[in-house]
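Below is the structure I would like to discuss, written out as structure tokens.
Chain nomenclature is as follows: A, B, C, D, E, F, G and H, assigned in order of appearance, with residue numbering initiated at 1 for each chain independently.
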């Protein structure tokens, strides 16, 4: 069985690459999915395809609708959802994805520095693991999918 | 992952072909499903297979039952449902399909000219995108499945 | 047990009153719910409360969102959904509501003149009864809730 | 029918009181629920009842568990969930609650200033209304529960 | 808590009265629901209300639709479903109701003479109790609702 | 897409072979599943594997449990459930399977002679088609899976 | 709102009374449910009502079926499930109930001495609180239902 | 169709190997899944990957969380769940898994010596078969997947 892992949250650091490279190096039987991480494309997709609305609120609304076609489908199909909260930005969409995963009963792993522990306590309580580094996420995936604790 | 896209609604124009050809040309990893679009077959299937009833109401009822075996199954298995409302006919079955998709939580894209905007506002509100042309549907599918906004 | 009956669809004739008066006269243990039937209020509610957007599409979108808070909640709580298709207008929202009821597994009664039988065959196939007059709906409700066929 | 409205999010301003007072003044048939808004009690409840753990991470974990018994139950029972994002704090738990409401299919109203529009676009897209002031939330509830647009 | 008990199946003997009288005599906190047991009304309800169709198959279809509005709603709301298989008739609708209860996860009690044991083994396997006499059903309900085994 | 069709009910005639041969001859993209049709094995499986109980009731119970592991799994995975009621036997398990399919929302086709129409009216009402001959079932499957009405 | 709390597990100590008395003394708006705690009645109910089977395995099976009518219904209706693991007996049914509550998404509180921590780690991980004394359970219920941390 | 069988419970005897070898020898079309059976790895996985907490309770909590990512996912994907209760240890997690399978409606087979019959009666009641030896489990799987009773 190939496990499908949805990587949600922060798009401005290289954490997804670190997770994916490590998982590939370890030969894990996993497939990664996630939102579109091209920030400009993600912001523009609605207006670019469906036309520019007169007001910025509706521009965001259009784009968020198009992105949701992707994200809702992939979150629903994921075996595990990993949510990364970075040091910058409010990343409410990351917490929103975590709420969806929790309500669906999909195992959730959060990934964030300790400085956010208190602010994220409700989200972390719904998670089955709280990691600090991308490499820990890969170690969890190795153990979960192969039963091996790794070196 | 191959995305399964159900194309519901209007059967008297070439919109399905335009969507499918464009998607093929763009090399999208999608599979299209939909109702039987041979109008005569769709109307006759019940009576042709199960026997002619005495009254037209039950003739329609027989045919609608047989068609529903197909449509309910395929809508339930779709990742995305696209519903086309054309310029003619009342197309209540298109709106009915949209209601099913909405209740199932399946992402919905509507496709119709602006003249129907007011009459379709409840359906459009449940959709994640409202397109005007089949090509926009394909642009959405390209972005959603590949993360590329296209040219 | 008080049965909750959601009356969906056409808002320009007196069919809801006829159903409700008949049911009251018959002493049925039913409570009726439905959408807001004040057409102007229904169209304006979004913009009136949340502010006028620059474009009519978004005006409808705002209003449809506010109305959906009511209609989705009440449809989900209904024991039976009755959907009326009148002689005028396209009434896609009526068919949309029927699709939701069908997907939820809530018993559905349609109410429409025979001239729409062919166009409504998919919706009617999902219904447990197709009535022509409001009084028939009440007869069904009397039988269903009390076991009496009535005079 | 009494509508149950869950008020999620920001606990440092008087927005809940404004909503509740306005709703009472308007005579709405609604009941409000929400998280414990006594910040100290909310932070301490786990350790105070179950004992102080050695590490702050687990102190938060204990408290978040006890609070979740309340919040998950009440969110699941709500007819409508209102989520307030204030001007301060990251309020990831508010977005988390919105994700749960969205996955449950419960109608969602967000309440936040326009400055957060872009950051909240994914959450707002899942909402049926985006309000700026508590009084607008009450206007929506009045319309939704009574069909009246109010003065 | 008042327990709601749906009594499905055979309508030609007095088993429902025996269950209801015994339960009343024992002062149980239960409410009984069930199909319409007036055989003629049950057969005629569709045609009487909606009009006589030309063919007997559709006459039955009409009636079964109207009855299903009642039975599906009440079975779905029941805490316990009791299904009686009598000595006569094929009573496929009783087994059909048992299948629905089983799929819904609603506790099922069957009631039938031993001579049907082999033919009913699949249905009995899905039941939590197989009774032979109506009085045993009441003894089960007394125990289940009050914890008393009774005299 | 290969459609999975569960063939439930009567095991003493060759209807399954007729369905399967016809479907193969027509080149349909379907896979058939069903209960174990070796009557002796089906009756004996529980006692043969798990040991003979002292009483025949529990012998049936053991066997029905083992068979249910197969039937519940396959019914739940089926795209369409076909239920055959033959001229002999009571076949309550066929009606029980139909109830499960109905509650799961899986499209249902019944197959039986007209003489059972009245007794099966509740089951037929839940079906999307009522066939008389196995060949009609195949014609429905051809139409449903390929959109062709056949010759 | 009255919260319904199911008290599962150990029946040989007075922990239920301690929870109920404390909750009454504190004036909490809660209603307690649970299995039948009369050990003899619980063991005998099946055979006493339905007849003595020849083998002890089936005697237990009969009794467990009758008890399950009560326990499954009440667990499903509970807002919170509390599961007590005592110092004696294996209490697999307590862990079984915890598994059901977890799968249903119902908030779970476990109650057991520290000596069982390692053996119960999987169950505790699914719980939102792990209490050691009945009084802690009441403190949690007070906080959860009233928002007060108590003295 | 390849059946997926989750093997839950006891990890200190060779029952899983006996099941798997027998199934392989019999050429069954099954795939086995289960928890990590390396006891040390299972106990250490949380602390080894995520860091040692100060208290043993949280060490177990960390490990149970990581293991649950695997077990919840695999139990949910299983067609059949087999739960083994051995002669030693309390094995509450086995009963917990059985509760989850039961609530999910997944067919359950228990495997344990007769000495535990009384203590396991609630779990066994929810099972579709109670086996004593691993070879019986394989015989059930052969029958269920192939319809053959075996030699």
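Criterion: contacts are C-beta pairs under 8 Å (C-beta built on N, C-alpha and C of every residue); 3 or more make two chains touch, one makes a residue touch a chain.
None of the values given here were measured: they were computed from a predicted structure.
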Chain located farthest away, centre of chain G as origin (C-alpha): B
Same-site or different-site touching of chain F by its copy chain G, using the half cut: same
Pair joined by more contacting C-beta pairs (A-D or A-C): A-D
Relative orientation of copies chain C and chain D, as a Cα rotation angle in degrees, nearest 5: 90
Cα-centroid distance, chain D relative to chain G, in whole angstrom: 31
Gap in Å, rounded to a whole number, between the CA centres of chain F and chain A: 43
Where chain F touches two or more other chains at once, by residue number: 65, 68, 105, 125, 128, 130
Of chain B, residues touching chain F in the complex: 33, 36-38, 41, 44-46, 48-50, 62, 65-66, 68-70, 72-73, 76-77
Residues of chain B defined as touching chain E within the complex: 53-55, 58
Chain A - residues contacting chain H, complex: 1, 3, 79-80, 105, 107, 109, 127-132, 136, 139-140, 143-145, 147-149
Residue numbers on chain C that touch chain B, as the complex places them: 56-57, 60-61, 63-65, 67-68, 71, 85, 89-104, 114, 116-126, 130
